[in-house]
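Alright, structures below, take your time with them.
Okay, so chain A shows up in both of these, paired with chain B first and chain C after.
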Partner chain A sequence: MGTPTQITDAPPPAPQPAVDKRAVRGATRPGDRIFLGLSRGSGILLLVIMAAIAVFLTYRASLAISKDQGNFLTTFQWDTNLVPPNFGIAVLAFGTVVSSIVAMVIAVPVAVAIALFLTHYAPRRLRGPIAYVIDLLAAVPSIVYGLWGALVLVPHMNGLFGWLNDYLGWTGIFSWEGGAPRSMLTVGILLAIMILPIITNVSREVFRQVPQMHEEAALALGATRWEVIRMAVIPFGRSGVISASMLGLGRALGETMAVATVLSPTFDIQASLLDPGGGTFAQNIASKFGEATEFGRDALIASGLVLFVITLLVNGAARAIIARRKEYSGANA
Partner chain B sequence: MSTATLTPKGPSTLRGARLPKWSPYAIAAGSIALAVGIGLAGGLHSRVQWGLIAAILYVVGTYAIAAAVEGKRQAKDRIATSFVWVAFLLAVVPLASLIWSTVVRGVKVLDVYFLTHSMGVVADTEPGGGIYHAILGTLEQVGLATVIAAPIGVLTAIYLVEYGRGNLSKAITFFVDVMTGIPSIVAGLFILSLMLMFDMQPFGFAGSLALAILMMPVVVRSTEEMLKLVPNELREASLALGVPKWRTILKVVLPTSIGGITTGIMLSIARITGETAPVLLLVWGNAFINANPFEGAQASLPLYIYQQYANSAGSGAAYDRAWAASLTLIAFVMLLNLVARGIARWKAPKTGR
Partner chain C sequence: MAKRIDVSGLTAYYGSHKAIEDISMTVEPRSVTAFIGPSGCGKSTFLRTLNRMHEVTSGGRVEGKVLLDDEDLYGTGIDPVSVRREVGMVFQRPNPFPTMSIFDNVAAGLRLNGNYKKSELADIVERSLKGANLWNEVKDRLNKPGSGLSGGQQQRLCIARAIAVEPNVLLMDEPCSALDPISTLAIEDLIGELKERFTIVIVTHNMQQAARVSDRTAFFNLAAVGQPGKLIEIDDTERIFSNPSVQATEDYISGRFG
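Take a look at the complex of A and B:
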């Protein structure tokens, strides 16, 4: 690695006639102090930024919420231009949760299966290229997903929606009145595609850590490959898969552009996933921002604060689960 | 006589009966043929229905045949195998469709004229115009964000790996992890709240600040991973020669891991280049060329795609431009990804991986 040449670059140690304890400890040299200060300073700066985000969002949000005539949590409207203004996040919270749940229901089983495919099923030579393809899925910008979703995915949903309406329409969740399929289900499918890579990558990391001994022991007892996975791999990786899913959930909750391009928003809550309507926090901010007054922007910041707190909780929980088993390096995914 | 019984001619009975290797393909072909037959006979028009019938027949057929020949446990194993394969194929379909449609629709208007002209005097509904102003804006905003975020991120990672012990580094590690999950629109709202306070109009650098917030944690994480790969012997050798710690870091640790750090920074650049939401809130968009990121609204490539899509619904020219801009953006991001991975492979330290 050429390290010997690098080491010879360093100056030879100065001869020291008398042993100076402070020099031996080394931390008191000015260069060291400056460097330590710089690097510790950047670390602290990151903490300060996080704190500043919370403080400033809370301050601007409080300006808006204090003038809100309705209940900020339960009002079904977003009329920030009224005098007095009347707005609330009930619809947005519902839409955000529903679209994320749909995304999770689709993405988690598929992602876990792909992770298993990459660790246990794929031909060994294909594993690298396939992992790369999954990474490509993560590299595509969200606005391109949005454009693709709106112009390619939406027209293709008609058939599926009609089928769901025919056979499952009686549940109320899958009833469809024939509007354009710019609905929560389409958004959920698109979000599922977008969060697939992160769940796959973290789960794959976890499945790779499964002790070889456990798997070999199961095989030696005559287990089939599926039984090995069920008895040795899944139990070991369960907490990792849970935290991977929560990381994906964090992404799905905050996704903006893909939802804003695909959904045709309304400000009401409906049971059907197939009829267009509803909204999410991030989508509402992006679409209402253009026409918002300064007060309207404060109101949007207030809804953003709620989103911030929710994603903070979800991500914090996911990271806490990962941190308990420190050997996973999946946090980088 | 006894030798004949010791060497049986058939397969070892210890392993049990196995289906031949070609059986999955045979069952697949059979179920597809049967599904086509049922589809034709039943007058089902949708090809999706044919596919679903074929899939159900395949699953049932595999289970039945495997259960009859190999036993129930093997049959379950075969079902699991086919489910895992299907999941993988399911993930490839949207990616292929996305890249295919972007390339096919994007090349229509993508040419040198498109790359070197702005939308200055072109209405959204007219054909013509280009993305020069958007590329310029994106490069400036992302460049400034990198200048801010890369040093801070690398220094933080150095602190965490080389100095970090105790509660401060634990807190930083945790909050860096949490910060990775901040939705991009929240970062935009944070800068927006600052701008509202000082009564500022949208400008490019505001977008850079928000992008820098999104970029920092990614740089910290990837740099941290790379610094951890540097063998401790190198540090110890340098320190044993009396080299101060800061020079050890600058001359030994960083050069050893520079490839990986560069890769991490490039991947994070690729990530923020595609961010639309903060740019939408803070930079606002501009049809004219504005080369000054510190004053006045600027354009940006992802924002351009969104505006072409949203402001001119129904117009073919705007859709074509949106697809062409998407193709440009994807090509740029993929190129960054490829180069970054190339550097990673080329400069990878021998430990790990």
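Take a look at the complex of A and C:
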């Protein structure tokens, strides 16, 4: 190699080979191919599992619904052992949605307030400990929440229920006939405590991401701390808070043991949040599954399918809300 | 509306670190004063002490006096929030509120200050956007988000937002450093117009820019890294760039260091 390269001796350039599509996609090296295979495989596996669940639920549900004497969506009854069987999800759908709404109404404002306090008001040395305690709330198993709810929360609800009945009883939804407070409101309060940590943590993370320059922009206009939060922090974090709330809502909709322990289930709808009774999908499945016949299980699975669909709809709605605000989100700044 | 700024013996800290030391100067109303100097010399810090934004940084504190006409911005009982309503600021990177429309961005400061009728608000927004030479470019899309504009337009939007509340002083922290030359020229022209109405202080790394836009120029320097920045001299821009009285200024301007 001692001689300098002579240009005239160089062979004519080989004709350029057609661009290999695989090369462009970066899958020619063994490492890349293995990783591509793994990640593509995982993605496909996820879809297959989702499809399998949907097929299983739909198949078993159709077995039950085809024999249902009543209207599956509107019947206020769950008698799968009758001949012919008569059952419907009206009560369960109502109870699931109502208890989750109560939980969201209580939990979201509190969680957002805690997240704002932790990111913008709390002294630095308090932030760690408070965040830690909230994380601990998330680590408590739901059966423990259920026991606490039944043994501590329920006996202490009488005062609140009486007060609500006195002042807001005229609305109908806060009237109380004096039954044990194992009602939708108690369930909602318990669910609110359970979903508080996830909403708080995700919101806190979102509020921490607000760029300094947006907050400074508000400050420089003469905004107070609260006005900075209103102008820069909350608008920037809105879509994140919606996502956080959806995570919480997902847990509230599907919560089983805590609801089953606190609620005294009946198969009718209470107009008031304070009167005991009603039921939720998950609670109903948990209480009936053990003793159900083969057909009874199919009927419960049918109710599970409805919960699945409700959850999908809620998530879709949340995504639509976020997408509609995309132009204004902080992401493109 | 424009007011005189009179700074005496101003020292600013980040925690225990002294960032600038013993700065005194006077800024005349309806003039443009440029701050130049090497990075880290404290010119941005000093600028941020003029509207009490320095203390927003954790550990930031200030000693000394800043008089706006006769009112000491650091006097007892002075609310930093009301100071910032009087002393507007434009930042290095354009920072329109990403979640607000162009209109709402300009109206943001007004909505903080009080109740305006819809028609009043529309008038002030139009006047401010015209004042920032942006009206013709955005008048058909006032309801579109401000983040959809180009960098130079965003910066002029920020200027419109700052002047909408009719501040007495307008501070600009390297307002063109993130912009291309055409946008920079637009902002410089704008500064020339705005000085009819406001007292303007601008930090810049671009010495041609200081020479083009300012009436007075202040040169800041620091003895060594970790030492506090100091005001070396302030004089008419023409004199600073032709015949400064301190050797360090001449060295910096002629490119011998920094």
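Please note the rule applied: the second predicted complex is superposed on the first by the 265 of 333 C-alpha atoms of A that agree within 3 Å, B and C clash if a C-alpha of one lies under 4 Å from a C-alpha of the other, contacts with A are read in each partner's own complex, and residues count from 1 in each chain.
Criterion: contacts are C-beta pairs under 8 Å (C-beta built on N, C-alpha and C of every residue); 3 or more make two chains touch, one makes a residue touch a chain.
Everything numeric here is computed off the predicted structure, so don't read it as measured data.
> Look at A:121 in the shared chain and tell me whether it touches chain B only, chain C only, both, or neither; answer first, second, both or neither.
It touches chain B, and chain C stays clear.
> Looking at A:275 after the superposition, I want to know if it touches chain B, chain C, both of them or none. Which is it: first, second, both, neither?
After superposing on A, A:275 lies clear of both chain B and chain C.
> Would you check which partner chain A:205 touches, where first means chain B only, second means chain C only, and both and neither mean what they say?
It touches nothing on chain B or chain C.
> Using the touch criterion from the header, give the chain among chain B and chain C with more contacted residues in chain A.
The partner that reaches more residues of chain A in the superposed model: B.
> I'd like to know which partner A:159 touches here: chain B for first, chain C for second, both or neither.
first
> One more residue to check, A:130. First (chain B), second (chain C), both or neither?
first
> For A:238 in the superposed arrangement: first (chain B), second (chain C), both or neither?
Only chain C; A:238 stays clear of chain B.
> Quick check for you: in the superposed arrangement, does A:227 touch first (chain B), second (chain C), both or neither?
both
> Once chain A of both complexes is superposed, is A:213 in touch with chain B (first), chain C (second), both, or neither?
In the superposed model, A:213 contacts chain C only, not chain B.
> Would you sort A:312 into first (chain B), second (chain C), both or neither based on which partner it touches?
first
> Which chain A residues come up in both lists, the one for chain B and the one for chain C?
224, 227, 329, 332
> So in the complex, which bits of chain C are touching chain A?
Residues 51, 53, 56, 81-86, 88-89, 91, 93, 95-101, 108-109, 112-113, 144-145, 147-148, 158, 161-162, 165.
> Given the complex with chain A, which residues does chain B contribute to the contact?
Where chain B meets chain A, its residues are 46, 48, 73-74, 76-77, 79-81, 83-88, 90-92, 94-95, 97-98, 101-102, 151-153, 155-156, 158-160, 162-164, 168-169, 171-172, 174-187, 189-190, 192-194, 196-197, 213, 216-217, 220-222, 225, 234, 237-239, 241-249, 251-252, 255-256, 270-271, 273-277, 280-281, 302, 305-306, 309-310, 319, 322-323, 326, 329-330, 333-334, 337, 341, 349-350.
> Please output the residues of chain A touching chain B within their complex, sorted ascending.
So the residues of chain A touching chain B come out as 1, 3, 6-7, 9-14, 26-27, 29, 31-32, 34-36, 38-47, 49-50, 52-53, 56-57, 59-60, 109-110, 113-114, 116-117, 121-122, 130, 132-137, 139-148, 150-153, 159-160, 163, 193, 196, 200, 224-227, 229, 247, 250-251, 253-257, 260-261, 282, 285-286, 289, 294, 297-298, 300-301, 304, 307-308, 311-312, 314-316, 318-319, 323, 329, 331-332.
> Could you pull out which chain A residues touch chain C in their complex?
These residues of chain A touch chain C: 211, 213-214, 216-224, 227, 231-232, 235-236, 238, 327-330, 332-333.
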